[in-house]
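One chain, subunit A, appears in both complexes that follow, with subunit B as partner in the first and subunit C in the second.
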Partner chain A sequence: MNPLDAVFNAKSVAVVGASQNPEKTGHIILRNIIDGGFGGEIYPINPKGEEILGARCYSTLSEVDGEIDVVVIVVPAKFVPGVMEEAGKKRVKGAVVISGGFSEIGNEELQEEVVRIAAEHGVRVIGPNCQGFNYTPNHLCASWPLVRKQGPIAVISQSGTVGATLEMWAEDDEIGISSFVALGNKCDVSETDLIEFFAEDPNTKVISLYIEGVKDGRVFMDTVTRARRKKPIVVLKPGKTHKGMRAVQSHTHSIAGKDEIFDAVCKQTGIVRANDITELYDYSKALGFLKKPAGNRLLIVTSSGGCGIIATDTAEEGGIDIVGLSDGLKKSLTEALPSQCVVQNPLDLTGDTPAERYKESVEIALAEGKIDAFLLIFGDPIPGACEVVKDLKSRTKKPIVVSYLGGGEIEREEGKRLHQNGTPVFQTPERAVRALCVLLSSL
Partner chain B sequence: MHETIALAKKAGKNLLEPEALRLFSDYSLPVPPYELAETKKEAVEAAERFGYPVVLKVVSEQVLHKSDIGGVKLALGSKAEVERAYDEITESVEKKVDGAVISGLLVRPHLKKGIECIIGMTLDPQFGPAVMFGLGGIFVELLKDVSFRVLPMRRPDAERMISETKGYELLKGMRGERPKDIPALIDCLLRTAEMVEENPDIREIDINPLAVYEKGAAVLDARVML
Partner chain C sequence: MNPLDAVFNAKSVAVVGASQNPEKTGHIILRNIIDGGFGGEIYPINPKGEEILGARCYSTLSEVDGEIDVVVIVVPAKFVPGVMEEAGKKRVKGAVVISGGFSEIGNEELQEEVVRIAAEHGVRVIGPNCQGFNYTPNHLCASWPLVRKQGPIAVISQSGTVGATLEMWAEDDEIGISSFVALGNKCDVSETDLIEFFAEDPNTKVISLYIEGVKDGRVFMDTVTRARRKKPIVVLKPGKTHKGMRAVQSHTHSIAGKDEIFDAVCKQTGIVRANDITELYDYSKALGFLKKPAGNRLLIVTSSGGCGIIATDTAEEGGIDIVGLSDGLKKSLTEALPSQCVVQNPLDLTGDTPAERYKESVEIALAEGKIDAFLLIFGDPIPGACEVVKDLKSRTKKPIVVSYLGGGEIEREEGKRLHQNGTPVFQTPERAVRALCVLLSSL
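Right after this comes the complex of A and B.
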């Protein structure tokens, strides 16, 4: 079994540096673990406290009688080696060092000392200088903000904020995440260790990665090549420009190689490369929910003529075929639909369409069988979109992507329900089509 | 490790062009015939054997960019032209590069230009050796129309690194031009990759240009840095 399994599926957690002060990180993390609904033992460690947030406080790790699987360390850097020594003696499986003050400010020696002590006792270390981890299947949010919603995306991030952003978007959209892990200085656990873990993790369908550099290029290639056989991987790696590269070096001291080379690595290993945070989220969403279509023939069904055109342009540029309708299909659609509908691809059901009309149209198109994927664009408030898509999904395995926009409160409600139902919804037609392009090019 | 690399490494030098060409020949890259002439007489004899026109290029450790300092003469059509080129090259190089030691002049037949491509290799600090491909001239310099692959590289990688460049359209044959020998180009990329994998001391390769014809290809200039 992967050694990180004991960390993510921990049965007991200690927070060293737990604090009474609600503004301190040591308080926030403890509160998130409790409020997140963690079912195992929780041990706040603080020599001064008696009770924090209703949990009995211990002055040291050794004072705890029971076993401790994971230790979250939030004390100043100089105390971390001592805590690690104690954690090692307590046979802790993993330590998450939130504290900064290590290699990121040139304090390499202190970091090496921590690594050495941890290695002696077989403790795996996440961080230091990181935002912790969240593993929703175990209701263990040793991080912030508190995100509970369980879903298909595992986020591994060298930036706390980028990771947290993905978590929050996924929660707001009712998609959820399986996990978020902040890499920090990667003194022990690196992106490849985590990719390996999530490739096998039954709660994860897609791995979403923000990195500024990799620990070891060859190991990275071998790991993702293996992981790709199990799960799709999306990566955002900035530092494309000269000054961007310089910013990378001052942020995480990563060696920034040529961007073209990393691009080649993505192509050779089948990783999807995202250009910004929105793409990272969109592509993760699409790959987490849908299977690759059998071909590139797309039918766009829309209530908005304009959005249909935007989708068509994006599709054409991305190599998706906005396939012409056969005479037979045109005839059946014309017979079934009211006269104001524009029977071609994009199929414009026009502004007053009820959701039912989408269902009818897709069913007729499905019968003809020459279409590989569907994009349904709901412009304006159209209630019942979710029911229609749910129904269609029971009839076909072909991917259905939704773009919902201009729909006010109804859009918000339907969007959430569609996500709960496993259909990705995008706020603009071009984002929906780009996600489809990625789905098509995935291995 | 290839013998030429072992020798150059021992001497702490990069490969001279004839050495690079020998290395390439041993990896079955398409190297046109060449000879190293140490005297004017030898240059003429070589030219007569190949038949005119020929090319003369200076071979010197101290010279990195041959054309810039008058170290290359193309399309020499007669004995007299070869003799004059020989003098002009040696004189120009000695004048423009302080302390240049000329090992000789490389003589080879003057070949058609075909479509000029570039195959390169660099070492990436994170991913190690990577092979580069692009079309010469404005494609590389102005449009940055190049593609890379990290080693190990397989045939589909080589195919895609050609087809993803804009210059691919030219290779396929535009405006009535006949298509160029893309399979030969793919072989060149794969053989370069193989050469790099078997010789980890190579830091940089620049095959520029590699002429690609309707049938076959030819390495017209090569640099190998250790």
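Right after this comes the complex of A and C.
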């Protein structure tokens, strides 16, 4: 059993520095744990001993009778060693140090003291100077914002904002996440510990990583090589430019290292490298939902001629084959479809198409068997898109990716339903195709 | 006066083929004209002569007593010449032919007949085979979807879906558009006619173009050269790859032409070329709101260290200088800001910053005078962002761009208010910086 299992699947949590003031982090985290629906014991710790959010408050950790699996620490830095000592004595499994004021501002010694105490007692430490963690399968949001929706993506991030952004996009889209873990100063638990955990975690399908540097290159390489046999990993790592590297230095004191070397590591280990936050999300979504297609032959079915062309350009540039239709397939489609449809690849069903026509077209192409993946572009408010894709998915294992745009309220509704049903939807054809390219090039 | 002025600023509109059936285009367009708040006369035309949406219906155009400026035609292709004849006799200024069934499916002759009749009577024709037009200053949405919000962007699009997508994003963001015109088969009114009109239109600040080909290269070049003296133009033109070009052929029968030549035309005339729909929107937004900065020295002020690094990388790659802070500026900032702030460029105000601290920082930098533009990154729910930017804008004409992410409901609210206030907001720091790069390289 991975030692972090006891942390993520904790049965009891204490928040040291819980506060009655709704603007304080010690209040927000406690509230998110409660509102997130955590089913275990919750112990707010505050020297004043008052009741917070309806929960009985304890003045110290030692005062708690029951076992405590995880301690979330939100008190000022100088008090953290003392709290860690107490936590150790209570035999907690993990401590999440939210508080800043350690190595990031030059207080290396204080951080080392915390690490030493934790190690003596076998306590694993996340942070310090971090945004906590959220593990939706255990309804444990010891972090902010409160994101409840469970989904395939585990986000590991050295930036609270980048992680929170991914969480919120995934929640808005009704995709959800399995987890978000903020790395902070990585005094103990590092990206590799987490990659190892999520590689085995049955609730996670893809690991989505924002890092500014790696602790130990060799360990990183070994870990991801093993993890990649289980799950896809997507990474965003800035610090490519000289000034970007310098900014990394002052943010997390990481060594960004030569970007060419990191890039080579990604290629060798099969990590997908995202170029920006949007790609990190898009690629995680595609890899979290779909398997690699058997080949690179894509059929585009669209209600918008323009979007079909845009998708074609993007695909051709990315090594996807917008394969010509065989005479047989052309004949079957021409017979089945109304005369205004343009029977080519992209297959243009034209603006007034009902969703049903997509189904018919894909079924005919499936029968011929020469297409490896499908991109369906709904370029208007076309109700029933989700039902059609659901039907098709019951007939084929080949990847189906959707782009839905220009569809207003119906687009939003269908998009969410498609995500709930495990089909990735993208706001533009370019984003859909780029995600498909990544799917294709994944190991 | 541009002859299209009488069309966009029409005082009366007829919809030929108006329908009682809410699913028909002839119903949707009539409803959008009514619901859009058009202040002029509205004449639904339908041979059955029934009342539609509370408006009296006429059986033919000739039956209408008053003048008609614009006729929207939604009847089957074969009836269009007859309607055009009638429209000509009524001395309408413009006809918008929504109906398909012309050159796009090989019916060149029918289309030529329509053009001939229109020309005889001096009627300008938009379309056929198009999604109509929307001109918000005149509250005239002879198109779909219904988009009412008035804003700086004029969208000219050979794809209904691409145009509608831009309209809807602009409405969602509370930016709005001045116009959307669908080009369709361009039998008469072409992109150059429209560019000419919008270059002079006082309600338009930027022209946003999706085209698959140009009618006449020389005319295009001359027109945009003139228009560019007045306004920025952003263009998305697919058909870069061989298969993309072929898809253009079957969509609008345009000749995509060699992409290198079009690219050279853009560079020579100062048209900004977007690589995808997202860029088309982002660049239009930036150019619609902001003037070119005096130089390329950018100060990044951020609550998220990670996002600051990402922005730095993107800026450096795009030719923006993340200029080092002078000793004087460093000193002033250090004195003014709390100790946890990282006084560098990017200036990291750290996670718990109030909006007020952004104002203070930018004011100090303004006093020194060595920064040309500002990127403010709000990487958390930070209320008051809009007020701060508003204050700053009253003190400086230097461009201020905002990226807001990880902020949930507060982000959405502040984003809309910032847009209403004329500040472009981007969902990620990369998108913000790329838009800044375009602003900088604009003529």
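Criterion: the second predicted complex is superposed on the first by the 442 of 443 C-alpha atoms of A that agree within 3 Å, B and C clash if a C-alpha of one lies under 4 Å from a C-alpha of the other, contacts with A are read in each partner's own complex, and residues count from 1 in each chain.
Operating definition for what follows: a residue touches a chain if its C-beta (ideal position, glycine included) is under 8 Å from a C-beta of that chain, and two chains touch if they have at least 3 such contacts.
Please read all numbers here as calculations on a predicted model, not as lab measurements.
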Checklist entry - Given the touch rule stated above, what does A:164 touch, subunit B (first), subunit C (second), both, or neither? => result second
Item to check | Partner chain in contact with A:265 - subunit B first, subunit C second, else both or neither | outcome: first
Next on the checklist: For A:48, using the defined touch cut-off, is the partner it touches subunit B, subunit C, both, or neither? Pick first, second, both or neither.
Outcome noted: neither
Checklist entry - Regarding the shared-chain residue A:229, is it in contact with subunit B (first), subunit C (second), both, or neither? => result neither
Next on the checklist: Once chain A of both complexes is superposed, is A:257 in touch with subunit B (first), subunit C (second), both, or neither?
Outcome noted: first
Item to check | Touched subunit A residues, subunit B compared with subunit C | outcome: C
Checklist outcome for this item: Going through subunit A, the residues touched by subunit B and also by subunit C turn out to be none
Next on the checklist: Give the list of subunit B residues in touch with subunit A in this complex.
Outcome noted: 122, 124-128, 130, 146-150, 153, 157, 160-161
Item to check | Residue ranges of subunit C in contact with subunit A within the complex | outcome: 25, 100-101, 105, 131, 145, 157-162, 164-165, 168, 210, 212, 236, 238-244, 246-248, 250-252, 275-278, 303-310, 312-314, 316-317, 322, 339-340, 342, 344, 346, 348, 350-352, 379-381, 405-406, 408, 427-431
Next on the checklist: Per the contact definition, I'd like the list of subunit A residues that touch subunit B in the complex.
Outcome noted: 213-214, 216-218, 220-221, 255, 257-258, 260-265, 267-268
